[in-house]
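In the two assemblies presented below, chain A is common to both, partnered first by chain B and then by chain C.
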Partner chain A sequence: MADALAYLHFVVVPQVIDGLIIGVTLALVALGLTMIFGLLHVINLAHGELYMLGGYAALALIGWGSGYWGALVLVPLLVGLAGWGLEELGIRPLMPRPDRAIVTLLLTFGVSLMLRDAAQIVWGTQTYSIEAPLTGVVEFGGVFLPTYRLLVLGVGVGAIAVTWWLLYRTRLGAVLRATAADPAMVASLGIPVRWVYAFTFVFGCALAGLAGVLLSPIYAVFPTMGHDFLIMAFAVVIVGGMGSLFGAVLAALLLAQVHSIASLWIPPVWAQTLVFVVMLLVLIVRPAGLFARLGKA
Partner chain B sequence: MSNSLKRKYFGTTAAFVGALLAATAAGAQEPIKIGVVTPLSGSYAPIGKQVRWGAELAVKEINAAGGVKGRKFELLFEDEEANPPVAVRRAEKLLQQDKVHLLTGTVNSGSTLAVGQVAQRNDRLLITTVSYSPAITGTQCNPNVFRVNANAFMQSNALVNWLVKNVSGKRYFFIGPDYEMGRSTIAAFRADVKRLGGNDVGAVFPPLGAKDFSPYFGQLRAARPDVIMTATAGNDTVRLITQMRDYGLLSDELTMAGASGAVTQENIGAMNGAADGFAAAAGYSVDLDTPANKKFVAAFRAAYHADPDLFAADTYGLFYLLKQAIEKAGGTETAKLREAMRGMKWETPQGTKQIRAGDHQAIMDMYIVRIDGDTFRTAGKVEGEIAIGPDKCEQF
Partner chain C sequence: MHAKHGVEAVRAVAAAAQARRRPRAGVRSVLAAVPSASPIVRWTGIGFLVVAALFPLFGSGFYTRLAIEAMLFGSIALSVDILLGYAGMLSLGQAAYFGFAAYLTAVLYTHVTSSFWLVALIVAASVGLLAFLLGAVAIRASGVYFALITFGVAEILLKIAHNTRALGGSDGIIGIPVPSVGVFGLFSIPLKHNLVFYYFVLAGIVLVYLGVRRILNTPFGRVLHAVRDNADRVPYLGYNPFWYKVCAYVLAAEVAAFGGLIYPLLRGFVSPELFGFEVSTKAVVMSLVGGIGTLVGPLIGGVIITFLEIVLGGITEHHLIVLGVIFVVFVMFLPDGFMGLARRLVAQRRGERS
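Coming up: the complex of A and B.
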């Protein structure tokens, strides 16, 4: 019995906390992805590269002397700006087309390849590491955690809370949800739907950028970093229900735990495969995902 | 290309001029030509540099003291680029054009195996001072190939021997990068731990270059190890050990140990003391407290303004073996030289070494080095007879 408790305390608990932290950052990326889909019906395949841009932007800003904290504030703005450029020049002209789901998919796929190659041309293929701003260790009840991972958890939870507040407690959020439900009606009430779309896209991209800065001290910065992360984020969005915010957060936490707990017994590389098995099961049982789309609930 | 060519021609010319001068000085005595096929360019160039320095220092000393019965050593360098096909071409050139008496210097184990066959066809000997692969003096042994450095089996065997005697806990856990080298190193560690009475409590194989080791810590915590043996190298070791520290996994009850390349002069600084106490086995440590080593280190530092590493020490020692063997054989004829070297004992900065007749592997004491802050300190010694293990050579 004491052995089982010790196992729970010193083996399972640290693994669950580690999974929680990864889950929260995964939720940040998945939130942006699912918001953009829920509102614009655009599957943004360049989302992973915006996450990557977040990492490189942090690298450049810190190199120019902004410090980590400066980068944490500035990078989401810069990546949001890049997202705005993509929306303005690429997505918006395609929005009136009836086949916009497929043409924007192709567009964002092309953009993702261009961004990845651009990063390779500018920064090369090597991996850069970013120094974590906090190096200490926090201990509670015999469980040790690097202080920086707690910061990641705190900022991630904060960003999710702000997103929730914005969507469900502000007038802007009401407009966003209304647009998701019936854009024609919202437009007829005199609200510039175009700007609602642009805001949503920029906000989603900024979240990806934020995840990029937060995770770069842990995973390092390299050209294909976004690609690897996006696959997980898509699994999250599919399990949570395309377009569901609540679903994305819950699915991110759930899948990260599946990965983390399974890693106790099987190699973590295989545990990643298990995540996709869960995704397949959800698709078989509930093809629409666990939760309903934004604006439909 | 042009750089390595220039260096090569310069080296050859310099050696040629040197040979002319030596020939005039020593009268009509024919020099003993040693072909050194070693990486002079590319990522293994630092190893080749140590090989070259070790060889040049020994040759300078021996020639200054009158050479081998009046004959002087002459070194001819070729760049093997740590690439077996290139090594073969350069070795052929040394043997057929330059008519060298003997070859040494190969670093890459594949180069050593391939050049060994070239040497055999040309009725010459190859003596490696660097290659680790146990196959060279084991399953793929060759009557014309000798090795005077410690092979991978000896490193692992010596380390595990020392660990089971000096660490009270018996639970061993293993971490290796997921590719051939990592897997084979860990397989060797596990076999030695099992044979010597340790308890294997599990292993994980993160991908080479893994950024985040924390998902692997669950299995590590569950195994409750007393000793962790790792086959990671370079920045992988830095990330592994600093992340272990950040997750509170390092403690006085846990001994960290690993392959000799896990913690090196290059990555030790990046760990900020987290690698304190890390143990590895090597055939040489610069701080060995013997008169022979102190003399060697002082001469090496004076000549090259750098510390010798194991590659320089093993190469330096080789020339004293050659001197003794050529004197005993009465010349450089291959068959006689081979017979003379079999079973021969000789003195090196690392202590007495002896060539085992059965597989041509040098029997040598292994040193356990532990990290103390930012420096390596010799913490123990495992006798050569214990470290060397069984003779697995069946070809001769």
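Coming up: the complex of A and C.
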């Protein structure tokens, strides 16, 4: 009995906390994806590469002497800027097409290939590690946690809270939700829907960049980091319901827990397979995911 | 005088009606179907076949084998086209069936049997079953989910192959024997010879193509088209779109499996990369480059991309960035691919002549 408690205390609990931290960063990436889908009806397959770009941008900025904290502030802005370029040059010209769901998907897919290979050309295939700015350990009732992970948790939760506040407590958020519900009506009220779309896209990309810079000291930086992470993020938005903010956050936490706890007993790669099995099961029961789209009741 | 006006008016109305039926010049869509039965597709197809038939007489052994590879990847592109061009479903994971068929083929040849037809039968049945089960889940979720689920499933199959020691892990399965194909017990085709193998695969891909075209020209294909254009209205006509999509999905999986059935014989080994998203991506690029909805286009796109990669491979090792650029350029500027371009050029010349 004491053994079981100790196991729970020293093995399961740290794993759950780890899962929580990954879940929060996963939620950042998934939030961007789901917002962009909810408003623009665009699936941004380059989202994982924007996350990757976040990692590399942090690497470059720290190399130039910005320090980690500087990078934490600057990287989301830079990745947001990259996202703006993608929106302006790639997505917007395709929006009037009748088959925009498919063509934008193909376009962002092409962009993701370009970005990944570009990263390989610039930085090579090797793995870079970024030093965490905080090195200490914090103890909570016998469980030791690296301070940096707590920082990731704090910043991640903060970013999610800001997103929520922005969407549900500001005028801009009201416009965003209205656009998700009926863009034609919003446009006829004199609001430039074009800029609403651009803002949403840039904001979503900045979130991915933030996740990239937050996770890079934990996972290191390498060219395919975005690809692997994006697949998890897709599972999250599918389970949560495409376009649902609440669903994305909840599903991210849930699936990260499934992955994290299952990793205790089975190899991590099989844990990822298990995440997909969970996703398929959810789809069988609820084909449109657990929660409703942004802009719907 | 009066009568002439009347005739002109009728002509004008007819021309206007025709113009309305044609897609508007400015708005080109990836689904701007050049119908697979149109003359330009037929003549391109025949021309292509003639070139393919004569090709090994001029190319070296290396290029002959490369051409075989192009045809096999072309079959995955064709399977993407069946889904996207005819049912409006974008699959980002057709490599799942290619890889699955290739692994199954490899396992069967190394451990069970050396009979080509028995292997083909088992592969066809297993792929059909797998595609039915996965397709039913992915299609029920419909729309954009479909693309993401297919993407994820292929990725998971890759991970399973990569981490299963019995399947050789990351090395895959090597030393797959090349069988001879018996024909009605009369004679057998030795696939060991390059030329024989080439014409065997060419015949196979032509049969697959003709079979697919035949199936899609039946009422089944018409309903599928209707599902693509307006899935909400189809049920009112008494058809259930779901089953039509599932059938299309299984058909497409079988076409990709054709490539998977032959590929291990060409290379002598299979590896987890066959499931990889690079294979799936390449297949989508191939059909985009060739022209979606034309069936011939993807096969031509397969040849273009495969040979382009070899040429580029001599210059740079960064294939992905080139694929990415091709992707973006075609999506933005040439969404109906080379077949669409060819049709516009022909239409333009006709317009000049008259």
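Quick note on the criterion: the second predicted complex is superposed on the first by the 296 of 297 C-alpha atoms of A that agree within 3 Å, B and C clash if a C-alpha of one lies under 4 Å from a C-alpha of the other, contacts with A are read in each partner's own complex, and residues count from 1 in each chain.
Here, a residue touches a chain if its C-beta (ideal position, glycine included) is under 8 Å from a C-beta of that chain, and two chains touch if they have at least 3 such contacts.
A quick note: this is a predicted structure, and the numbers were derived from the prediction, not measured.
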So, after the overlay on chain A, do chain B and chain C clash or fit? They fit
Between chain B (first) and chain C (second), which does A:127 come into contact with in this model arrangement: first, second, both, or neither?
first
Quick test of understanding: once the structures are aligned on A, what is the angle at the Cα centre of chain A formed with chain B and chain C, as a multiple of 10 degrees?
80
Contacts of A:269 with chain B and chain C, given as first, second, both or neither
both
Could you tell me if A:111 is touching chain B, chain C, both of them or neither one (first, second, both, neither)?
second
Using the touch definition from the top, say if A:59 reaches chain B (first), chain C (second), both or neither.
neither
Once the structures are superposed on A, label A:239 by its partner contacts, choosing first (chain B), second (chain C), both or neither.
neither
Output check: A:220 vs chain B and chain C. Expected answer is one of first, second, both, neither. What do you get?
first
Between chain B (first) and chain C (second), which, if any, makes contact with A:144: first, second, both or neither?
first
Greater residue coverage of chain A in the superposed arrangement, chain B or chain C
C
Return first, second, both or neither, reflecting whether A:31 touches chain B, chain C, both chains, or no partner chain.
neither
For A:155, is the partner it touches chain B (first), chain C (second), both, or none of the two (neither)?
neither
Closest CA approach of chain B to chain C after superposing, in angstrom, is 9
From the superposed pair, tell me which chain A residues show up as contacts to chain B and also as contacts to chain C.
267, 269
Complex interface listing, chain C residues touching chain A
27, 29-31, 84, 88, 90, 92, 137, 140-145, 147-149, 151-153, 155-156, 159-160, 162-163, 277, 281, 284, 288, 318-321, 323-328, 331-332, 335
In their shared complex, chain A is touched by residues of chain B numbered 178, 204-207, 209, 211-212, 214-219, 221-222, 243, 245-249
Mind listing the chain A positions that touch chain C in their complex?
37, 43, 90, 93-94, 96-99, 101-103, 105-107, 109-118, 120-121, 227, 231, 234-235, 237-238, 242, 267, 269-270, 272-273, 276, 279-280, 283-284, 287-288
For chain A, which residues are in contact with chain B within the complex?
7, 10-12, 14-15, 18, 127, 135, 137, 139, 143-146, 218-220, 259-260, 263-265, 267-269, 271
